[in-house]
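Paired with subunit B in one complex and with subunit C in the other, subunit A is shared by the two complexes that follow.
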Partner chain A sequence: MFLKIASSIAIVICCTLLGIHMSYRYKQRIYNIRVLQSILAHLETEIVYYSTFLSQAIRNSIRTLDGDWKIFFIEVADILENRKEYSLAEAWNKSLKKIQKNPCIGKAELDIMYRFGLQLGNSNRQNQQKYFEIAQQQLKIEEENARQLHLRYGKMYRSLGLLLGLGIAIILF
Partner chain B sequence: MIQRIENYQGNSYQPIVDALPDNIRKMILSINPTILEGLEEIRIRQNRPLMVYSRGRDYFLCTDGRVVTHHPRDAYIVTADDVRRILELISNYSIYAFEEELRNGYITLQGGYRVGISGKVVLGKEEIVTFQHITSFNIRIARQIINVANKVLPFIIDKGQVLHTLILSPPQMGKTTLLRDLSRQLSNGFSGFRGVKVGIVDERSEIAGCFQGIPQNDVGVRTDILDGCPKALGIIMLIRSMSPNVIITDEIGKPEDVIAIEDALNAGIKMITTAHSSGLEDAFQRPILKSLLNKKVFQRILVLGNSLGTGTLEKVYDGTNGQLLLNSPIR
Partner chain C sequence: MEEAKVNIDIIFKIAAIGILVAVVNHVLIRAGREEIAMLTTLTGVVIVLLMVVNLINDLFNSVRSIFRLY
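Right, the complex of A and B next:
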């Protein structure tokens, strides 16, 4: 009897944690988009107002920020500073591939960043500013979408986790 | 071969080596050492053979690193991908950082090396906006020649004072090299002369070869540089803010330059500048120079040529009375 109660409690806790984890992915995605917007805003200042070289501009922009996108930008800056085989587009895509399996980063953000990478660094400051504006607008839309998804599915996964745990526990009991 | 590459990369040509894609870098580094040491230019033109210019002659590069003077069948043909890579490398993946330089048709590398650029330009209302397609590069290997100004100094310094000086010379006769060493010596000082504050208005980044505002050539310890700044504006800015004793600029030729030079003279600042001209008679044919010469603004007028080789000091005039101070050329 005691074993049954203990295993039921364990099942309920595990399922609830699973639900919370699933819900956390939606919340973390919103956070990552906000960090990305912040990095791009810093990068825009470095490029448009200070004309800092791209690798240094990236390093300056991520200095005080964290989140999953930071890994991507560090990778890009490292490749550019090594000045070896890769072009900027290749370095950008190679680094994007490294984070594309991250569950807290949406495909939509990856697509926005892929398109943005094709234009980065290869035109004058005025044009660069336009590309930053476009990327920021698209990210703003994605942030709103991510928030809606979080509202819709975040609570649902948390409740589902608990209910699933209780369901399994009742069946086993 | 490996040793030669290491030696070559160990010296100050590293910025040029870094600016080339791997395939071209290997070809350049494997060419004959005699040609490599005398290298003056690397010419890269899309869909055309890769060429180098060394000790006054041009050569074609073959894919195996051979260098020949006639156009060979197996000459390496520069691809569109090579051109794109070079543009990324020379601009540090940051075209936006070279907006103004691109408008003037060049990019300055670390070390003061200049890469000339040509291709399809985009025109605005009155000026070049940018390049749409860049297809040719001329990587120039500039060399600083220390003490090249020694022969000139006795003529432009009188009783410890620098004189207003105009250097006349046709292109490629060593004007800028001379200016660079004049700046170094006037700024650092030398036996019998205490160094003075020097201001350089380096409109085309040729004199000091600045990279991110830092001079890559030795232009002296008391020298301030306004890099990429129009001459007329720069002269006024230096007068107002940096209190130089001597202002050095290159290639005057616009009406506003004359006004700025007169402002500098009125402020008691000595000017050393240059102009494209083959001699004093030729200078009088040009309206801007003529007006300056008629006003007897310059106390010394130096004429450079190549009668004894590049950088020969052909003649020196006293600008106030036209008297010839140096009759026979010296080098």
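Right, the complex of A and C next:
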């Protein structure tokens, strides 16, 4: 009897944690988008006003920030410095593929960054600034979307986790 | 006496599943996922049916033996 109760409690706790983890993804996605926005703002300053080399500009931009996009930018800077690929677009795409499976990063942001990477370093300063502005605007829209998804599904996954745990425990009891 | 106890247990279990399915249904409909809410309801019905299918069999056997319908 004791074993039965203990295992039921364990099932309920595990499922609740699973639900909390699922809802955490939505929260983390909003945070990642916000970090990405500030990285891009920083990168814009580095490129448009300081004219730093891109790999160094990227390293300067991500120095104080964290989040899942940091891995991507570090990867891009590494590839550029080691000259593993021929162009920035290749380095960019290769690094994007690496973080594609991260559940805390939405497909929309990946798409925005993919298109942004195709334009980066292809034109003069004013034009580059325009591309940065476009990317920022799109990211702002995505942040709003992510916030709405979080409000809608975050709570749902949390309660569903607990309820699923209770259901399994009752059926197996 | 043992039989009766088992039946009472199963009734409580079914009641608990019913309450849970109702709550899950409510949560899913509030989140705007009606089709998955429908699916959960169906799953609940199927699980309860699987649990009571033996009892229904017993009931039919009893009815047959009481009214001599062999």
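As a working rule, the second predicted complex is superposed on the first by the 171 of 173 C-alpha atoms of A that agree within 3 Å, B and C clash if a C-alpha of one lies under 4 Å from a C-alpha of the other, contacts with A are read in each partner's own complex, and residues count from 1 in each chain.
What we mean here is this: contacts are C-beta pairs under 8 Å (C-beta built on N, C-alpha and C of every residue); 3 or more make two chains touch, one makes a residue touch a chain.
Note that this is a predicted model, so its numbers are computed, not measured.
**Student:** Applying the touch criterion given at the start, work out whether A:M156 contacts subunit B, subunit C, both or neither, answering first, second, both or neither.
**Tutor:** So A:M156 only meets subunit C here.
**Student:** Going by the contact rule set out at the top, does A:L166 touch subunit B (first), subunit C (second), both, or neither?
**Tutor:** second
**Student:** Who touches more of subunit A, subunit B or subunit C?
**Tutor:** The partner that reaches more residues of subunit A in the superposed model: B.
**Student:** Taking the superposition as given, does A:L80 touch the first partner, subunit B, the second, subunit C, both, or neither?
**Tutor:** first
**Student:** Contacts for A:M1 in the overlay, against subunit B (first) and subunit C (second): which applies, first, second, both or neither?
**Tutor:** Neither partner.
**Student:** Would you tell me which residues of subunit A are touching subunit B in their complex?
**Tutor:** 47-48, 51-55, 57, 80, 83-85, 87-88, 121-125, 128
**Student:** Any idea which subunit A residues touch subunit C in the complex?
**Tutor:** So the residues of subunit A touching subunit C come out as 152-153, 155-156, 159-160, 163-164, 166-167, 170-171, 173.
**Student:** Could you please specify the touching residues of subunit C with respect to subunit A in the complex?
**Tutor:** 13, 16-17, 20-21, 23-24, 27-28, 30-33, 47
**Student:** Would you mind writing out the residues of subunit B in touch with subunit A in their complex?
**Tutor:** Contacts found on subunit B: 18, 22, 84-85, 88-89, 91-97, 99, 129-130.
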